[in-house]
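Each chain gets a letter, A, B, C and D, in the order it is written, and its residues are counted from 1.
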């Protein structure tokens, strides 16, 4: 935009509208995927991939990361890195823990129900309010 | 440079130029957005852990989410992001009236989002699908189910709070735009307010699949 | 070697080493201590030499511009890194050992609550604040808390494990020195935190066996080590199997399950434990404690082939100890009469040589 | 150079001109007053704790009071002293001077943080009068009030984030012409790294504390084991902040001594890039090691291994710095004044504290030491030993810069020796107590721990006495100290290019930087000094 003091290339209404249409399509797509009843793993992967694409569109075009770059991209990348780091390492811990150190009834490590571990003594751990592990019919 | 500085009342004394000041303000905003992302990171981590530990509980509970309302809200927020992006564009062109109008539309979208969210909350309250010890929904019980609603209310609640704050910020920006504070050379507050609003949208883009579709 | 061990142990105020594991921990400790001290004092001495040698001789003295050679920085990084990684390489396998109890370890349940320790031996006695173990046999501790986080800490064993409410953590040890050692709580748990003291009594194996035998024979109050607590349910503690049979009668289990192998509405309990069971959906499972408890709580999740899904759930009707007691009862129903009551007490495999 | 504008201290009069000031130097002075007051308060509680531990049984207070005392001591020292001390005082004062700028990027936000500090401090201290530990489920089930402490810490955290944000933007956008990244004073590099941690880690603590508050107020069950919650998750989140927070406290200390060692050895730093980038390395790798606080918590063996090995790498960056500072002395021209003595104290304590840290993250050794006095001694070596020594080094080095007066060098040397001796006497016995197995937060203890506790309390008295002497002669120097002149140390740090105390607008015109800071190769024309 020659009129502004910005030297870089800027996007105009047409491009923003295109991004908006892209976001709507991706939203429709993610709902469609949900309706198709894939397995849990597939659904999680697809839903998060689509969400990441959508977020990428918003960040790159609406939030101008495409044009500004530099430090702002670094800031975004760093915070995302730490997000992944925190989630990843905490999950790594939960996934590999001594199974009874995870919350009772948690799956898929539920091999021996929690009660079985109860020591033969009078004082039991506090009763669980989390209701019985029943599935709806 | 000094002459330009004297001509622009928006320039603080310790910056060499308006451009440098805008650069600083934008960087400050981005750092602030980073803190927001890490704020939500805690909740996303909690979600990841409990979803991992209670996959069936979460799957069952998410069947009680209102997908139609959630999807509508997604469209509402995405559209509001478009309007705010356009508002920034016109502010840079010096077209304050268009800026004000687009900001007003954005705020209206924000309000619509909150109203729809309110309907959802109302339904969950009536059904007793509530966090932790308040959970008393008859139709579903099992490990992890109440944790789903705990996280649902915490995350959408905090996000809703951000929507409210964002509406406040945009209102303030709109008032300033209407007053004629912005011009081709200076429209930083519009851009910063817009960045904040986009972040709110960004977070919702992830909340929607996590709570409604998985 | 032993003299060096004792010298450094006393120098560092470390308590007596009550297990081989504690000894190996201390040896790493000594290595870390000595190598760190050599490195640190070298730096201290270097600075002192420089301060004297390069003291300022006049105000506004100028100095030569010195830049490091890459090799110098590489040494600054490489030497400590190699040393630190060596610490890790020795320390981590020790930690893995501590986290992995041997299969033949006998279990002791530890329950922490504000502000006391309770120890229970399967099929055996309970005790408060005093943990008796035989020397030379591996003991696995399964720890849980009734209220907040505590931490089970025996300095003499160089062993510590947090105790979490509502779930279990585990640790293990094999004491090698008979004696009495303090147990502390190492996680702040309230006003009585520093008074939450226990004692580990390591006994010669024979002495322990006869103590255990005596505890089993003498019932009721005597089962309680040290001070008995009035509120203890001595009946339950006294005989788990009897408790299980009683609960089964009260809950009406025998309306559908037999204990003599005869067919009925549900599968017989005789020889059920550890049998491979074929399920309705084609899978087969081993009827271990897990399966048995699951069957009480979620009876229709895994139906045995040839039976109808008619059993009601006992979730909420059976308390955790009651369910455990029924499982113990089922486990006792075996035709091979060699060990009619297999879970009467912990089964110890004597360790040769000690 | 001549300056016509008045210095920042007497440019304006009246309390109002202080409370509403946007001048980074005045804000720094306000922080100095507040932070020193907080330190005195925290130190007072520390002395009460040490007195209570003088005998095995109850000595001067009951268990409930003791609980409050150690919470007060911990929270005040960390949130009100350690974290803000060096960044908010020296960082605020010096960053613009070192960068050749008139002010920090956002002066209003800077002032706002002062008030956040005041409000947060008031709420937290008030709340802690009945406080407890943060760890769930203790914190969510205890009858005492935790919410105000959480809220106070949240507000203080917000101030910390804003300070960090302000510094990052300042360093990026307000460098004078010619001040390239590779010419930045090392103080600025370390401040930059500190700020990055503040901005990225503090929100995690804020949210975690909010969750605890929500849990306590409403029972949502997010960490509640009875509702399927995981208390270890809380510990993960807590330490994701709290381990990097240790570097928020120690990186600024490294910032200060990097300047002090160059000024007093009159020599450029040995290995500029290594020292500068190791600050960033600490900031980055510091985020990967939080799990070494959880080795005994029930965390998985696998995760402990990951965190254990990563912890070994974070120690390397500190080792590089220690070696480079030592090598800086080589071929220098060393003047042993009070700041330099504190520098030595810092160097040694950081080294021993750091090495005990490496020992602690050696996975199997940690099992014995976790939550014992060994840990207490370790982090006091880092925080008191390293950070306070560096704080005192900086305070003495920049005292003439800030106030234009010299303190009594004789008293300063005596106090420095006293502080260092007292420190050793306080905390070396605590290492041994940890080895013996005395757990932290003990109100009473078995008799075998008695003698070492007496030694520790005696040392603490010495230490406190030393601090009081420092306070006394510094205050006295404000009134009748010798006028220092612009550059009493003959230092070639950029900040000494201005008069002492500096004028309101720092520089008459934006300076152009043509040489690295602390370049003592050639004699400079017109260079004068009053020291030595």
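The working rule: contacts are C-beta pairs under 8 Å (C-beta built on N, C-alpha and C of every residue); 3 or more make two chains touch, one makes a residue touch a chain.
As the structure is a prediction and not an experimental result, all values here were calculated from the model.
Student: Which one chain sits nearest the middle, judging by mean Cα positions?
Tutor: Taking the mean of all protein C-alpha atoms as reference, the closest chain is D.
Student: What is the distance, in whole Å, between the centres of chain A and chain D, each centre taken as the mean of its C-alpha atoms?
Tutor: 36
Student: At what distance in angstrom does the C-alpha mean of chain D lie from that of chain C?
Tutor: Their C-alpha centroids are separated by 39 Å.
Student: In whole angstrom, what separates the CA-based centres of chain B and chain C?
Tutor: Result: the chain centres lie 48 Å from each other.
Student: Out of chain B, which residues touch more than one other chain, so two or more?
Tutor: Residues 27, 31, 34, 38, 41-42, 45, 49, 53-54, 133, 143-144, 146 of chain B each touch two or more of the other chains.
Student: Going by the touch rule set out above, which residues of chain D reach two or more other chains?
Tutor: 172, 200, 204, 225-230, 232-233, 236-237, 298, 301, in rising order.
Student: Find every residue in chain A that makes contact with two or more other chains and list them.
Tutor: In chain A, 71, 78-79, 82, 86, 90, 94-95, 98, 101-106, 126, 128-130, 132-135 touch at least two other chains.
Student: Edges wherever two chains touch, nodes for the chains themselves; is that graph a line, a ring, a star, complete, or other here?
Tutor: The chain contacts form none of line, ring, star or complete graph.
Student: What is the complete set of touching chain pairs?
Tutor: A-B, A-C, A-D, B-D, C-D
Student: Show me the residue ranges of chain A that touch chain C in the complex, using the header's touch definition.
Tutor: Residues of chain A touching chain C: 98, 100-104, 111-126, 128, 132-135.
Student: Mind listing the chain B positions that touch chain D in their complex?
Tutor: Against chain D, chain B makes touches at 12-16, 20, 23-24, 27-28, 31-32, 34-36, 38-43, 45-46, 49-50, 53-54, 131-134, 143-144, 146-147, 150-151, 153-154.
Student: Can you tell me which positions in chain A touch chain D when the two form their complex?
Tutor: Residue list for chain A touching chain D: 71, 78-79, 82, 85-86, 89-90, 92-98, 101-106, 126-130.
Student: So in the complex, which bits of chain B are touching chain A?
Tutor: 18-19, 26-27, 30-31, 33-34, 37-38, 41-42, 44-45, 48-49, 52-56, 59-60, 67, 71, 74-75, 78-79, 81-82, 84-86, 89, 92-94, 133, 139-146, 184-185, 194-195, 198-199, 201-202, 205-206, 208-210, 212-214
Student: State the interface residues of chain D toward chain A in the complex, per the touch definition above.
Tutor: Contacts found on chain D: 172, 196, 200, 204, 225-230, 232-233, 236-237, 240, 287-288, 291, 294, 298-303, 306-307.
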